[in-house]
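The letters A, B, C and D name the chains in turn, as written, and every chain counts its residues from 1.
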Amino acid sequence: MNYDNILKEIYTEVSPLFDKGEIAQYIPALSTVPRNKFGMAVCTLDGETYTIGDAYEQFSIQSISKVYSLTLVFKLIGERLWKRVGKEPSGNPFNSLVQLEYEKGIPRNPLINAGSLVLTDILLSEFQEPKKEILNLVRKTSGNNAINYDNAVIASEKITGHRNFALAHFMQSFKNILNPVDDVLDVYFHHCGIAMNCVDLARSFLFLANHGIIPDSGEYVISKSEAKRINALMLTCGLYDESGDFAFRAGLPGKSGVGGGIVAVLPEKLCVSVWGPSLGPAGNSLAGIAALEHFTTLTGMSVF
Amino acid sequence: MNYDNILKEIYTEVSPLFDKGEIAQYIPALSTVPRNKFGMAVCTLDGETYTIGDAYEQFSIQSISKVYSLTLVFKLIGERLWKRVGKEPSGNPFNSLVQLEYEKGIPRNPLINAGSLVLTDILLSEFQEPKKEILNLVRKTSGNNAINYDNAVIASEKITGHRNFALAHFMQSFKNILNPVDDVLDVYFHHCGIAMNCVDLARSFLFLANHGIIPDSGEYVISKSEAKRINALMLTCGLYDESGDFAFRAGLPGKSGVGGGIVAVLPEKLCVSVWGPSLGPAGNSLAGIAALEHFTTLTGMSVF
Amino acid sequence: MNYDNILKEIYTEVSPLFDKGEIAQYIPALSTVPRNKFGMAVCTLDGETYTIGDAYEQFSIQSISKVYSLTLVFKLIGERLWKRVGKEPSGNPFNSLVQLEYEKGIPRNPLINAGSLVLTDILLSEFQEPKKEILNLVRKTSGNNAINYDNAVIASEKITGHRNFALAHFMQSFKNILNPVDDVLDVYFHHCGIAMNCVDLARSFLFLANHGIIPDSGEYVISKSEAKRINALMLTCGLYDESGDFAFRAGLPGKSGVGGGIVAVLPEKLCVSVWGPSLGPAGNSLAGIAALEHFTTLTGMSVF
Amino acid sequence: MNYDNILKEIYTEVSPLFDKGEIAQYIPALSTVPRNKFGMAVCTLDGETYTIGDAYEQFSIQSISKVYSLTLVFKLIGERLWKRVGKEPSGNPFNSLVQLEYEKGIPRNPLINAGSLVLTDILLSEFQEPKKEILNLVRKTSGNNAINYDNAVIASEKITGHRNFALAHFMQSFKNILNPVDDVLDVYFHHCGIAMNCVDLARSFLFLANHGIIPDSGEYVISKSEAKRINALMLTCGLYDESGDFAFRAGLPGKSGVGGGIVAVLPEKLCVSVWGPSLGPAGNSLAGIAALEHFTTLTGMSVF
């Protein structure tokens, strides 16, 4: 199947959305990205790549990095993970502390900020150089060794990430963060500050569409069962408080970031990524969600 | 594929769970069901049926009926529905009023009690005989005209359903229930009080695995897109506050009821239903969830 | 001390507030009261009465009746009461269900709707004619046998009191309402629907300023210790979610109603009541609160 | 009136409580205080002092210091204070973040941790040496220049005060903490770490019983109206989530700390302080609350 015409049609359909929504303001280094940026990439298990727009321009992946952390930690400690973080959608904004208080410091799932901070804490306890581990995973799964951190974004987040500091200290009070808060946040902000383009991003998720194996290299990352479970978590929890709506509209497991990126997985077939910096009220790319809904409608493909 | 051996293996695996958990106590007519009842049925789009245990014994479908109501209302008023009910997982127990207060009487989704009461209210406004409409849908999709209401269960719920009365009055105060509360609950309790067996149940959901068409009769129920969207809602919201865990473990869209039934959909292939009356803390059949997890593990099939 | 000049000064000060705020709309029979009504009465333990404005015009006392219910029930069952209702400010609007869910059907205090519904349930269990009992207490403490129910208001509340029906059904689900909901609400709406004027109201609270004894007749109502405790509850909980602000501004135990009345107690000295139908966001009379703040500032008297 | 016999009777009554409850564990330096410590002091406006037990032994005043901060800030910026903090009881535990999230970073009142952190932030903005200012106020109002910080307690709190760090970062995210979090907490922990005995404590609150004037020196601290308002805040909010119960039982404005101290004010008469390190579930001294209830019962004195 050739996706070029579909991508063109999608571009036309979603371009009126570039003026709507808001660029993330709370991370100064992100607030200056032009609103009319838009890229999209489809990478298939057969090795084909289709792109449109700014698909080769780098952006900050932000919360999309939570899937890499989850992959690393799940592989590392398996089911023990679920003693420190849940598997349920939160029903609350991505940085809420309310549920965390009622549930005594156990975050709802690993794809919201609180959950990912716990995963980062585990990485700090298990690895000598946790920053390198994620970067290695991203480079290996995408096949691009040039992928790196964007230090300007990371510095920007450290100055303004008050809510994330609050989450970490709060969980520390429940003994669910064990390393010093400053160390946990240093690693966390680094993961969020990875810069990638749409093609790298879609390619780096292909192992999740391929039962845990990187299709290009044949390298094993995680088991078939683990890949299925990470996809399930993305479907129920991947777009914060808009996960249900995204499943309803696009019908694919996916993960978003406040940099405007979204990546989605169609198991046994392909991955599709999109970047549009202007966000809706739940913190997800407006054009990105619309593009992915069009994609599954036009191709007739979804997990449902 | 022949599922008989898989069903036998599942039966052996889950039988130790019959003694665990609790039979639903708050509906007196349900509290006397023996704990060791267990049935399971697989119905394929090819017309094959595989069963084990008490798969031909009737039980009260309870909240599973919410999928029939959703099908009827979605078909009837389409996207207008989403003005009165959301599409997100609730992150709260099935009968919680907390979120309803913060969100001014708009229930999180149509598969929790509050949401289904709104759907029932719409059915009352749109149909002369709403009780008949659901029954007709169930009979038509299952191909079994003998399916009926269990009046003992319905009478039992009316006496003890204080929380549902509270939910309806509460939404009435937000003007999201328009018909008299007693009328809404009469219809609601009737839907919950439908009695079916596992085979009827699996068969009646086949149209959702078949892009909206009943496979036996070829009759159109809803569009392909609507079927996909109902499956998405079941995956994110179908098992109350355990939906994320069920997606993680079983990887299928499904819906449960406090009568101990669960039904799940594998698009383009089959439906599988299970009945085990003893419930876990979230109100879902303990043996049922385990059985469906085994089913997808043993067959290697899931939407992910 | 002669309060006539103080009352005149207060009237002038608060009259600009008559145009601000909102008349209670959710009880149709109350929504037609003219906004420029204002009355105030001071009744001393010495038997003096000072009035201004519409102090002899009747209005619906609404939630002020909760103090009479509390007096009756506290006298009747004493400390056993606190098994079914708390003593803490709620920190939430007067008709909130949120806290009730977290605290398993035990209302925060007897002066919010949920708490008063529990008290009404107790009155129903303990008395043959609970409606008569409250009326008798009001007549006895005020010395006015003509005080009666306003049946138009009561009928109006029954039609629109969805939230109160929700609260009662909700507590019934926690077994903290034992009588049929319709019976409980019939009595509750009757209590709320008592019509009184400012002079009757101030006089009827004098026993709380007088260690439990009606000063005119010398009749014993409750003990000194019980009177002190009811005053304490009024101070911490009497003005819903504005109780702290009222204590801060006026420094007196008091109770308000959505009919626009407020009554306050200065122990060992006097009671002061005020009526102004236009309400602030917390449901308390705007002019009434301002008038009572002026009263304690001008007289230099408060409990602090 | 001679209070010696009353204090003896109270000591006998409350001593069985020494074995009940829990010593505060989360501040290591406090956790080693012996459970059977108990002191009580009555200081009258006439200059009389009555004591029993360990009334001259120092303890950590902890949250009682919030009243001194409030006095300083209220005097300094007056009504502007209420833009950054509320005046209502919280209805939640003293260190809850839930309400803070719903109310966008505005703490409910100045006597819970979040509110006092905001006050500390204001002191940091307004004073060169905020630590000295509070100490000066305490020394001046108590007449004891030897009162000082307990550095062991302060160091202990800094290591374990995760929840307070969380609160400050959280409010920083709402722009209601303007100074660096580490600076705010340094001052906050110093205030909490003041060591005093019962006599100093009761004496230092006498200006609140005396319309804002220190009775010994005649020195003006705050206005009559401000003193009244601080007393009102103590009555509605001074004992965290047990404030209503304390008002009900003791009927006095008061403030507690997790070091086991409580101080209460009887306007125009006296102050009474008590120290018992073992705490009930709301974090208030068990023996202390009981002692103050006995005190108002035996003397027949309360604000109600």
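Following the convention adopted for this analysis, contacts are C-beta pairs under 8 Å (C-beta built on N, C-alpha and C of every residue); 3 or more make two chains touch, one makes a residue touch a chain.
These numbers were taken from a predicted model, which means no experiment stands behind them.
> Go through the assembly and pull out the chains touching chain C as well as chain D.
Touching chain C as well as chain D, we find no chain at all.
> Taking each chain's centre as the mean of its CA atoms, which one is most distant from chain C?
Here the answer is chain A, farthest from chain C.
> Quick one: chain A and chain C, Cα centre-to-centre, how many Å?
Taking the average C-alpha coordinate of chain A and of chain C, the gap between them is 55 Å.
> Quick one: chain B and chain C, Cα centre-to-centre, how many Å?
It comes to 47 Å between the two C-alpha centres.
> What are the residue numbers in chain D that touch two or more other chains?
Nothing qualifies.
> For this structure, enumerate the chain pairs that meet the touch criterion.
A-B, A-D, B-C, C-D
> Going by the contact rule at the top, pick out the chain C residues touching chain D in the complex.
Per the stated touch rule, the residues are 86-92, 99, 108-109, 224-225, 227-229, 231-233, 235-237, 241-245, 247-249, 251, 253, 267, 297, 300, 302-304.
> What part of chain B is in contact with chain C in the complex they form?
Touch residues, chain B against chain C: 96-98, 101-102, 162-163, 165-167, 169-170, 172-173, 181.
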